[in-house]
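The chains carry the letters A, B and C, assigned in the order they are written, with residues numbered from 1 in each.
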Amino acid sequence: MSSTSNLQRVLSAGHFAVTGEVGPPTGADAQALKAKADILRGCCDAYNVTDNQTAVVRMSSIAASAILLAEGLEPVMQMVCRDRNRIAIQSDILGAAALGIRNCLCLSGDHQSFGAAGKLHGHPGAKNVYDIDSVQLLSIIRDLRDKSLQQGGDSVTVAPDMLIGAAWTPLGDPIDFRVIRLAKKVAAGAQFIQTQSIFEVSRFAEQMKLVRNEGLHEKVAILAGIIVPKSAGMLRYMNKNVAGVTVPDELIERMDQASDRKEEGLKVTVELIEQVKAIEGVRGVHIQAIEAEHLIPEIVKRADLLPRPASGEAS
Amino acid sequence: MIVAQAKDINEIADKLTNYEKILVAGCATCVAECMAGGEKEVAITASALRMALRLRGCQAQVAEVTADRQCEWELIEEIAPQVEAADVVVSLACGVGVACMWDRFEPKPIIPGVNTVFLGHREKPGLWLERCAACGDCTIDRTAGICPIARCAKSLQNGPCGGSTDGKCEIDPELDCAWHLIIERLKAMNQLDTLRENTPPRDWSTSRDGGPRRVVVEDVEE
Amino acid sequence: MSVNKIAPVGQGNGLHLVAFCCANSSAKAAELSKAPFEVDRVRVRLAQLACSSKIEVLHVLRALETGADGVALWTCPQDSCRFGRGCIRAAKRIERARRILEQIAVGGQRVFLQSLDPNDPDALDKALREATGRLVELGKSPLKTVGVK
């Protein structure tokens, strides 16, 4: 168990956790991160730092996490299995822990053929690694931390202090397997879960019922993923192209009709947060405002989730 | 079987402009089955090369031959006279055949005329699919005969990622999600719960990652 | 055009068309396949196929390689193909031949594919004239005009 993760403290104290997302810049631009940090400081318990999301090269999640940390924000460093084998991953985990990074979200990673959904070139010709998958990554970090053992069996001198989490696509296909998939991640050591973005709250609630039937909600802190809608077009795109995400027609219609899209997007977001909060077993939200991080403070405020428990106070 | 695919004729022709006697050599086994390098494809390739070379102003002779296999010393020997008579060989065999031809006829240049793509089978006329990654440690029974190493885009070991939609993989709408197939098959067998057990990190030393591999059968080794 | 404008082989204009015709597509094909003839001064050699799907990629390539300036294939319309999918298969083979010819810069447009109207007794004549007309527009195959180094 991690002893010094703020996210861990917030969850242990029974608070409804709030995490946000910070996409690292596509350059060696520490200033861009610091500017985002200034906007976001104090409105979330921890901030996800994506790891070359959609297989587009950005500043490394470790470096970006370290910069956020220096700015006083707690990072959730994402780590994908696409680009590193188990040697590099364990090395990076030790390095990240030594830098003071206390949360890691373990992901398979978007396939390199994505390249930001065709908007950028990306590197579709890259060789992927996938030495291990996200479930195995969880167990590897858990064993480094709890047993001081590397996957190969060698010991580590100082174990990395790291809260480990995973992603979950509750409404993805094949739907019959999704709760089992979650159970596998919990068995591998996941302590928190950030879900794929939820728009169909009632279907998500049904999946959460199955989660509770297996008692998984007591073993892992589930943070529901919330994406801030920017326009009807964005919702249509997600509905069509993002696996495991279905956006109800009424919601698309509502964004379409809105005279002030930004305001409507904020309202929708706050409503979604309130709806998922009411589901038993949901212990927080993970808010993503893609290319619009500045909206997060306002959302958190309107959802009545401020002030966040201060670091140290939550325990 | 080994599945290969024809190369662009120009890519081959560009490498042949300085030769006068060219031999297009087919292989009558795997690559003939997948219609990339058998006798028929030798004739097509040779005809196309003659035209491509003529358009490049080259006066080359392009001969044709097909070996039963280009990966067996005895069968390579059967086409040795034609190979010896040529300045260069365009081999339509898989990469194994091309390599063996080099070993036998060094320093004669042997140019690959097909791309070797995967180990697979013919699903239906005109469609071949990858089925095995030759990882060296087969556990395909655990996933009901559907290999996630060969058939999942990320070679995931513990179930599908979030990118599975309606049974298809998000990287290609034509591509079946291997884990969807595995789950459906195990469900039909009432064995879905067997997937609850986590598969630990794999030992890839048996695969290509462990270095080039060799197989020895002691009792017949000489 | 009618049959009487189909002339025996004469001086010609140097253009050669190799044509394949499904035996079921035109009753005239049998007659015309007996000997080479000329249409609009284009020399034509026509061969009958039991079904257009009998066409091979190699037939098309070899015709062009050995001196044809164009290749034509005439099929039955899809709904009257005696073998059901024969003309579809034929079209796929023609497509592959065209792809190869595009790669090597001979040009896929030198391969003509057309289905004949089963209700029109002159369909083959019309198709012949259309193909030779297009061939005249395209001119000689680049394989004939290239210099050898």
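As a convention for this text, contacts are C-beta pairs under 8 Å (C-beta built on N, C-alpha and C of every residue); 3 or more make two chains touch, one makes a residue touch a chain.
No experiment lies behind these values; they were computed from the predicted model shown.
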Can you tell me, using the touch rule above, whether these chains form a line, ring, star, complete graph or other shape? line
Using C-alpha atoms only, the most centrally placed chain is B
Would you mind telling me which chain pair, A-B or B-C, is linked by more contacting C-beta pairs? A-B
For chain A and chain C, what's the span in angstrom between their mean Cα positions? 63
Rounded to the nearest whole Å, what is the centre-to-centre distance of chain A and chain B, using the mean of the C-alpha atoms as each centre? 40
Starting from the mean Cα coordinates of chain B and chain C, work out the distance between those two points in Å. 36
Could you please specify the touching residues of chain C with respect to chain B in the complex? 56-58, 61-62, 64-65, 100, 103-106, 142-143, 146-149
For a test of understanding, state which residues of chain B touch chain A in their complex under the given definition. 153-167, 170-172, 177, 179-180, 183-184, 187, 192-193, 195-196, 198-202, 204
Interface with chain B, chain A side, in the complex: residues 81-82, 86, 108-111, 113-114, 128, 130-136, 139-140, 151, 167, 169, 172-174, 176-177, 180-181, 183-184, 187-188, 196, 243-244
Under the definition above, what is the set of chain B residues touching chain C in their complex? 8-10, 13, 40, 43-44, 47-48, 50-52, 54-55, 57-59
